[in-house]
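Below are two complexes that have chain A in common, paired first with chain B and then with chain C.
For the complex of A and B:
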């Protein structure tokens, strides 16, 4: 218990340092957040125009899109606002042999690595997710509770999956592009209605690129207040993290130091 | 005079060729970056197949499903293959190296244009070739007439030049603001909606179409893609006229801004 508490205090300190470091460049900090907000807003405008022109498409209309965007952007934002040192960043550390810096600390290695970077623009995602939810008109306590719970689970799955893609570097060497593309693919697919895809593509969204678990499944949970589906989502989050832990720590046995001198500021 | 012209042409052709060779030397990296087109095209194909199914229509605003799919491939090739030199200008301003590049024996913006051409040629080819199998599988081969090929290429070339002018204006803002991230993002997102990247202009609501058609954003993306899938001489001349007008406007702005920005420049370091 004491150990968990100590880890939490350490992680809180890491997040605090990341935030202070990002805010040092105030103009860049604000422009990245505002930029991401506008970025999400444009996609939102696209869907509003799209559904106004073409009506309901395979069971999705603009209300479902509001909810989908709210969950995906809040989940993505929460995940990478705190644990941003995954995906291509982790793949770079591994491939360059720059994990030494983290290995010498008496802290949980994986948590230390992933919490060592904050993606500033994700603050814009978090703000956008919360505002997008206000357009859904789902304001009962149960709905709000399910929205927040599924968004947190989506964040956990996003980070877990990006640890998986980042850990590929232990096995294939330079995995920066592969990890970046896989995480981008997950986000891209998550922002489109799941019902568009069928057959092998749909199967892929529940397995290799688990976009369904951060997009359409949470939407169905909130929309239908489905407890069983929520349990499935919890199971998916646990499974993703078990795979992530296995790939990271098994891969760590293959790690080779780059003997580089790191200066972490 | 002729000798001077020959020297200038040789110089800028050498800049293009050097970057082209660089890109070809690292073609695997370029391929990795370009592979995203496969994902994007797959998503678009699924989305628009669903739209045509739900509408029970073989054509929407005069475009068949096959034409729409080809439209998106060309639009993506234009968008993803563009010269992105504004980030480089911003970096040069931040690290102070602009002090050296500005004094070199070439025009600063012309250097960026011809340098970018080498990269763009590789990017556009790879993006097109990677997207092609998927598009041919779902939409078949396009039915472009040979006599339309040159006008489409001309519009595509002017689209690139227009886009270069806009990105140069954004890039030169770095001489004052240092970081141009938000300006770039806003421009790119305007191209997404008003430029026809996510939705052909013909699919926009009636009240928005006239506005979108006269603004410059569609001339960089929608124009070549639309002419590629549904060429009409009337639309070609209309697009060409608008491109000429906007190139003149942005060209004058750029000229003025370049003179002003180089006076405003503050270099850090040494």
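For the complex of A and C:
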């Protein structure tokens, strides 16, 4: 218990320093948040125009697209708001031998790495996700509870998956590009209704790029209020993290450090 | 009883390094035909370090110094051998060891770049789980020792290299480490900043018996701080003795500066002595102590002409180290 408390105090301090560091440049801080909000909005408007034209698409109507966007953007935003290193830099830190900084401290290595970078623009994602949900018309307590729970699970899966892709650098060397592309692919595929895909492509969305677990599956859970599917989602989150922990800590034995000069936090 | 802080026995580290022929053709070929070479960074090194010792761990670039430090701080797993730091095996007990070890990598800052050093100090208090009252006292002591009171509120990016390094070292001492690994702490600093950092390190060592494990290419750091030198080259330990023994063993050559009362009218030449420089009133001479004793040289100088001043010096430590590296 004392251990967990110490870890939480440390993480709170780390997040505080992160936030302070991000706010050092006020204009950049605000423009990133607003920029991401507008970026999501453009995508969103595209779908509204599309559904006005065609009504439904393979079982999805415009309300469900709102819900899909709400869960994916809120999950993505919550996940990477404080876990920015996994989204952008983890493979780079590993390949460049820059984990040294974290390894000398008496803290949980993975948590320290994950929470050492904040992606400011994700505040825009979180705000967008909450506003998008207000368009879904699902305001019962159960629906709101399921929405928030699935968004948190999506966040956990997003971060876990990016730990997996980032850890590839232990095995492949320079995996930064591959890592970013895989996480980008997960986000992109998550924003489309799952029913659009079939066969191998659909299978891929449940395995190699588990976009279904951060998009379509949460949408099904909220709209059908499906407890069994919720348990499946919890299981998927646990499985993603077990793989992530194995790949990270097994890979750490292969870590080779490096002689690169300078790492600014 | 000896209080051994670091014990290293047969420690070794090898890396597998990808080999590729030069140019585009080599790159294309390496896509499906990868050749790897095993490179030995550290090979079978053994040494111990006692509490309160200040050890200079030196060697040329690529000798294996940083790799050794990284194994002793738990950053790297060794390929073979054992090491114990404060009773812990670094790569197995990384977190437990971390509470008692400080490290400063001169080329890898720990302070948050965009924030004042004070913010990183407070973060470190949380990282090392320090009591905030104790932290405040310790912080004040270090601020005084390193004379950094007026630097703490300035974003690190705005500090000079010397100012930043003082803050870096102070930060690494906040948790009262029993041993501190300093990897090139004075790299790129001017003479004043170097001296301030050396003074502060010496003060900490005297006050708290902190064991210092120093790597540096600066002979001044070694001479002014460390009583013992370990030299590593090509991954192998080639020298482990006191700094004074190193000087005695390798300082066969002496340098004599002479100032004469009268101007010199002819080239100043002595048997078995090399004249390095000659001016109107002075000469700089060098000789090998094994070939001719110091007193003989001095007698010959005084017999040749009336002297105002004579200074006998050892060549700089840098030259000795260079000589050892060449072997």
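We take it that the second predicted complex is superposed on the first by the 256 of 265 C-alpha atoms of A that agree within 3 Å, B and C clash if a C-alpha of one lies under 4 Å from a C-alpha of the other, contacts with A are read in each partner's own complex, and residues count from 1 in each chain.
Operating definition for what follows: a residue touches a chain if its C-beta (ideal position, glycine included) is under 8 Å from a C-beta of that chain, and two chains touch if they have at least 3 such contacts.
Computed from a prediction, not measured in an experiment: that's the story for all the values here.
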item	value
Chain B versus chain C as contact partner of A:200, first or second or both or neither	neither
Touched partner set for A:1, first chain B, second chain C, both or neither	neither
Which of chain B and chain C A:103 touches, first, second, both or neither	second
Which of chain B and chain C A:256 touches, first, second, both or neither	second
Chain B versus chain C as contact partner of A:53, first or second or both or neither	first
First (chain B), second (chain C), both or neither touched by A:141	neither
Which superposed partner A:185 touches (first chain B, second chain C, both, neither)	first
Partner chain A, residues of chain B touching it in the complex	29, 32-33, 35-36, 39-40, 42-43, 46-47, 50-51, 54-55, 179, 181-182, 185-186, 189, 192-193, 198-199, 203-205, 208
Chain A to chain C touching residues, read off their complex	6, 9-10, 12-14, 17, 20-21, 24-25, 99-101, 103-108, 253, 255-257, 259, 261-265
Complex interface listing, chain C residues touching chain A	15, 66-67, 70, 73-77, 94-99, 101, 103, 105, 107-115, 119-120, 122-123, 126-129, 155
For the chain A and chain B complex, residues of the former touching the latter	27-28, 31-32, 34-35, 38-39, 42-43, 45-46, 49-50, 52-58, 177-178, 181, 184-185, 188-189, 192, 195-197, 201
